[in-house]
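Following this line, the structures themselves.
Two complexes are shown next, each including chain A; its partner changes from chain B in the first to chain C in the second.
Let's look at the complex of A and B:
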């Protein structure tokens, strides 16, 4: 006898029973014990066929290979920089992954990147012990100039980017701001008009607070229209990547 | 028959009024407050984050570190001396041990999850209220947990079994009194903390544990409600 004990899109708490019987399969954020499937964290229930899966609502960033993130330089050594990536572990950027230029032995690396500077970067490797290597060699990866840094929970980043970047593009178009969203929850934002820059910040804060609700894109559209006083379009198919300014 | 009626007029198995709120400290990765009568606990979770001093790092699993602290003005009479004491170190340890069975620390090698539990008011049962608050804060921090943890003190005063002792009962002088703090994992019914102060007969313990299991069911409902409330967003 298989029964689902909660509804799809319900918010569940750790240890809550989600289903009994063997017809459902435990997915991300859930586990099976005997006849029951339990929730293993606070999350938002999604059912994909027979799979029960939890979309996390909170949690720190866990680094993954190929993630585009924003990182801050915390240490400079002979041949690498150490960076804070808003996670439990710091990451390493080697000279050979930072530039194709020739850097003589013993060069002062602070000339290229120094303490407190932010970069857009990509994770090229994560070991099981969380030694993390970064690269700056892909297009769009760069040192970030002046601007505003925002911090949101990393689990909400997919909502801020939206489907194929639709949400962040909508904010960019409506407020004329450059925005870079890192998977680690750090967001860089720069606008020529401080008023519009503030509207973009507020829009991001709104997405952060309402990330697990439905109809969010529409509400952000209405919010942007009200704040900027101009019509806003929801972009459909976006080809450009989210890290382009 | 010295103890014929509870000092604060409650039923023998009645809990003090409880309240809980999740997300009370913005700076923390997860936080919660839990109060049980006049005992008020605030828990803040930071982490997983880098663990220092480095010799504590374990490459196989992360560390769960609890810090129990009563604020200087939190007691009933004398000022509580600030800073760690023998008592607070012990309670920090048993709290961490009570929470560990539900956590999966192998996800965070070399890292630490810090749980700070502060008490603004205490009226006995502080380690239990602290565990309830800490479990909520850990869940709020988005950590993987098999279950929540609930805790309550049960005990025996004279010949009566009581649930959720307050300070007057905890330090009852006119008859023999014992208190037994118990932490229960609400779904499996397993026990992750069991201490005792006082004297009871061996055959009385199962009866007390049964009372604790019943009581923690009510606490679990309060915890669950508080967690869900955090994610209720008014979108209008």
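Let's look at the complex of A and C:
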């Protein structure tokens, strides 16, 4: 006997029973225990055919393959760097994934990247035990220069990027800032003008605070116009996927 | 990060848009936040929040000051306030913080310790001030010192019959406060002096000087921290800023009564 115990788009909490019976399959953010499927995170329930999925509303970043993230170097070893990726797990960047140049044996890796430096990087693999491998070899992946680091909840990153990067491009255009948004919730920001840089920070904080509400793009547009005193255009959805979004 | 902060400072601004000698907007002092303490206060400075509580007990005085009360200050850096803090025995930072707060109160003679003597050489009142940061977004020094003094101002004696202290029955007698010492921490980054640093600014600061002063503008304690040295001119400049900014913080507390 299969029953769905909650409705689609319900907000569920960890440990809540979602369904009984074997007809439904647990998807992202849910798990099966015997007859039942339980929620593992706080989120909206989504049903796709027989699959029960959760769109998380809160929680720490969970690394996924092909995610573009910002990482901080926490350890340098003989052949790899260990990086903090704002998750429960740390990631590894091997020499062979960091550069195509020849690196002699026993070279001092701190010359390339050293403690506390930030990089834009891509996850190439995540094992079930959460061993995470990173790469620097794709275009746009690089060491980040001096700038400001912001931290937001990783579940709100999609709102900051917007549809096909529209939100982040709007902020970039309005404030003349360089912005890189990592899927892990870390954001790098640099502007020549500190006043405009601050406006960009405030805009991002506003999105972070109001991520769950609708009509956000309009409100951010009004906010940017008020703060910068210049008209702001909502960019058309950009077809080419840039690394920032 | 450091160069970025410096380049913004060169343009006369801070990370959050403040001027160099400006405190964060929301400085708030709330009294009596902990019901079971004899006195308590909560200080909010921007996103930094600190709670201080005062407990009173009857104890034996130290043998070198048989007719004076005792002050003890303890600060615990709770892991909930900052992911960099760890549980366990107090860290170097926690010990420094509590000692700086302690010194401000002790050396300004904020409390008339002689009035806190019950029987010379045998029984005196001991005041222990416990400080807990609820959220650390920078400048725990000034927030802790302000919270401690505010908590002292809020404190009343519990009733005491000569044998036992009854914490359930409070008197209306306040602590013999003579002074309200105010601490202002001035950070040096490059050639810039700033007050009320954010966590990010605190991390890249070369040096800091905590300046505690009394209402008349008398210095009562100084504490230098950070890895870089400071020159005599630097110290003069930092003390001047410290004395000046103390005035606005003092307004939040009002008088000693």
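By definition in this document, the second predicted complex is superposed on the first by the 186 of 245 C-alpha atoms of A that agree within 3 Å, B and C clash if a C-alpha of one lies under 4 Å from a C-alpha of the other, contacts with A are read in each partner's own complex, and residues count from 1 in each chain.
The definition used in the following text is that a residue touches a chain if its C-beta (ideal position, glycine included) is under 8 Å from a C-beta of that chain, and two chains touch if they have at least 3 such contacts.
Please read all numbers here as calculations on a predicted model, not as lab measurements.
In the superposed model, A:131 makes contact with neither chain B nor chain C. Of the two partner chains, chain B is the only one that A:17 touches; chain C does not reach it.
Once the two complexes are overlaid on the shared chain, A:89 sits against chain B while remaining clear of chain C. In the superposed model, A:209 makes contact with chain B only, not with chain C.
More chain A residues lie in contact with B than with the other chain of the pair chain B and chain C.
Of the two partner chains placed by the overlay, only chain B lies in contact with A:31; chain C stays clear of it. Touch criterion met: A:40 reaches chain B, while chain C stays clear of it. After overlaying the two complexes on the shared chain, residue contacts for A:107 are found with neither chain B nor chain C.
In the superposed model, A:56 lies in contact with chain B only, and not with chain C.
In the superposition on chain A, contact of A:194 is made with chain C only, not with chain B.
Residue overlap on chain A between its contacts with chain B in one complex and with chain C in the other: absent. Residues 11, 13-17, 29, 31, 38, 40-42, 56-60, 62, 88-90, 128-130, 153, 155, 209-210, 212-213, 215, 219 of chain A are the ones touching chain B in the complex.
Put simply, chain B touches chain A in their complex at residues 29-30, 47-50, 59, 62, 102, 104, 107-111, 139-148, 185-187, 223-224, 227-228, 231, 233, 235.
Across the interface of their complex, chain C is touched by residues 146-149, 190, 194-195, 197-198 of chain A.
On the chain C side of its complex with chain A, the touching residues are 1-4, 7-8, 11, 13, 15-17.
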